[in-house]
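In order of appearance the chains are A, B, C and D, and numbering begins at 1 in each one.
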């Protein structure tokens, strides 16, 4: 097939890892084709995140909205398992990177997946709307189907702690602003608000949009695929996890457990017994 | 250098990962030279662990002592950060393997390193004893040097919860038994006991050997290098971490935080303020 | 309910963490009701694992079979991602526990889930057999349903490297032996073998049972719930991950990448370009 | 001490977790005293990161420099172990958050610690300069002491791939610019450059400042404590890790190992042997 078998093997090994993200030669680093020294100082952190994930630079209005979503979800305090895990880990004699990783590792389907699920839910509604002009009706059907499938929580709506999530209201305002200046269409903001309205009608009480539902509106407006809503949430929450791991490091403590030391847990198992003979 | 350049590149790539542990051909798997189908059914789990770490099969008495160390440290309950982390992680929508990894990740210098540090400490004493027949004197000097360096806790001694660690006493008995039958020398048991005795004399109160100090005696008697004392502890504690992650999975719960939900944390930071203009 | 409100809060906090696994008082540790000092020296590592997961001690024959499953799957070499990840991590300046956790973290649905999926598949067949004496017919229907659903790989069957998995054959022999002495029923061994036979008939070529299919037979015979098949695989594979992380630590190296250093990856992205004005 | 013992216990539990970072009441979230709805839309992502870590908002020029450091270190390609680990993990059937955590977990002392070590090294020089006006002399002594201690690599200088790190040059230019407008003092830029110059004199060849040395200059100029240089690097590199994990997810693949599938590793262990009788 070829005259130079060594090139074949080298090529095969180099082809084992393929990427469109980064190209490197000695003294040269390019992300998506742009030289790093040109990007530095000309492109902000949110624009860089966009470029790395999407392959192209965003328009300024898009970058602003992404930055807003990223800065809005950084922390929810020491009761959130991801934060508590990182704080506990920080007292166990591991690196700050390991404590950070421990917190992020917990941002799974339940703790970090609501945004991804909400984007998926919005996408489903959006795609049905191609055949149906009536948004209320489309949302109603989507919610009916959702609850019929046995699901209990609409991802992105309701909060066990906040009656109204102060972040959601503010984020939607900023989406409206971006829509008014043409940076986004506003379609997903409309879908999100209709979900909230129909949900209230069905349930007989308000189950307001929460931070995940609102950032999902932004990620959907900006055209991110659903799994990246989780990915971007992880980048955002990393900030809070790091801040708490660092604060805990400064507070000190060794092998910090979840509750005060003199409190034990409740044992509900077998009473004391002897080994069988 | 060679007539076949392709072999060179292939060889270079294959040499990038070198191991003495496992050899594989299609339909053939050998650990340390032994065919897997011959090992299965003839070699126990503890023997396999020894073979994988050390390269040779242990004598029966060695394997028994290793097995005892492994089974003795599996769990210390939901107040231990590694266990609590795994239980919290198990409610966040991640896999059982991820919850297990989250717990193990926390077994760092403080939470999982005492055994390794104790083996190192014992090794230091043992090596001084080559020049000094008097074990009491050698231990005294080692402890003096240790406390002079600013260290506060002798690794493997004292426990914040147990006045006497019931595991340590029993483990030392079994080391004595193995020494009496010639499976180990008993040197490290003597060192450990002398550390306990001298420590009591220095401090004016008993600071008894704990589980880490006792398993460190076993690992040192068996000739494991100090870092593997941590590694083997991780294998042991993995059992408890998995049991708790699984129990928590069955109990259910979503995003379980460290303390009951209606209790928040204490905020000690800046009072409410407005953004500067 | 009570005259002492403080007890209420204390109780509520202590109830936040409930377990049937471990009870502790100062100087006293009991697993599933058994005092630790009584377990030590009387109960092996595999029996301890069983006790921790299941709540009761196994019969000797059961413990032996569990031990066989655990020792049979410890390693599959540096090409397996979990092993490679741990070896790379071990060159990055993190603890042995962190390297171990990094490897275990990768044992997800694809890399560590085949055993769990196989147990589930066997369970489905077993439960259909209550209504249908003919095992061949039941398995045929199960496979038909499986492939109709779009699935491509039957979990626990076929191997991309081994034409015959030498571990599976040997493990099944040992299950037969345990069945002949009444320690297990042998039902799942029969199901597994029938799956293999029917699969060959359907596909026109042999797709032999692999290690995951065979350990799944054992776990199902022993009555473990499917998710613990993954959990137990993680305990087993931890041994190999640790052995490789430790070997890599001894080999040294800093920031070891996947392929030799002078080989780069293949860049398939945008050609060099300048930032837009 | 008090009339209400229940308050005591509640207080003790709530005091177990203390933070100056976040305060929450139902419907109210404040970071460092600022209401979240006021921060959203008014404060960028880099400013938010600063606020979370430091407790106060940065000046604009400070935030710009932090943002530059964060965007400059996002990725170094699939040969970097953190990136390779995340890509491999992404093919193992775990969540995007788990793949991200696996990559970050590897950013230890060797793979992610150079920035922290460089800040520490700069701090040491800076503090010596209080007694010594001559920067060259101070740096010379610091390097002498460093090499005398047996260390081989000056953290933040030299690169095994890039003869000149294109990022370092550009970053230093931007520090100069910030110094010229009074946002930073420029002291650490001077220290960094002097280290480079003296190092060249000592070694007889140029060992140029790399990305870690340059971002360390920025973090030191901005007053971050050394451990946060690692923490902030983790936030930065998370972007690249996520981008690669996501790209790998889209490329597909199952259980992707480090090198092409038909290449194995080199086995250097014991030749085939039989179990002893």
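Just so we're on the same page, contacts are C-beta pairs under 8 Å (C-beta built on N, C-alpha and C of every residue); 3 or more make two chains touch, one makes a residue touch a chain.
Being a predicted model, the structure only gives us computed values, none of them experimental.
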Inset, instruction - Compare the CA centroid of chain D with every other chain's and tell me the farthest one. - result: C
Inset, instruction - Compare the contact pairs of B-C with each of A-D, B-D or A-B and report the one sharing over half of them by residue number. - result: A-D
Inset, instruction - Give, as an integer number of Å, the spacing between the C-alpha centres of chain C and chain A. - result: 29
Inset, instruction - Return the distance between the CA-based centres of chain A and chain D, expressed in whole Å. - result: 21
Inset, instruction - Starting from the mean Cα coordinates of chain C and chain D, work out the distance between those two points in Å. - result: 35
Legend entry - Touching two or more other chains - residues of chain A: 10, 13, 16-22, 24, 35, 39, 43, 77-79, 84, 94-95, 97-98, 101-102, 105-109, 112-113, 258-260, 263-265
Legend entry - Chain contact graph, described as a line, ring, star, complete graph or other shape: complete
Inset, instruction - Within their complex, state which residues of chain D touch chain B. - result: 10-11, 13-24, 30, 32-35, 38-39, 42-43, 55, 57, 94-95, 97-98, 105, 258-260, 263-276
Legend entry - chain D residues within the chain C interface of the complex: 5-6, 8-10, 13, 77-82, 84-85, 88-89, 91-94, 98, 101-102, 105-113, 160, 254-259, 261, 264-265
Legend entry - Touch list for chain C against partner chain B, complex: 12-13, 16-22, 24, 26-29, 31, 35-37, 39-41, 43-49, 52-53, 67-68, 70-72, 74-79, 84, 87, 95-98, 100-102, 104-109, 112-113, 161-167, 169-171, 173-174, 227-228, 230-231, 234-235, 238-240, 242-247, 249, 251, 259-260, 263
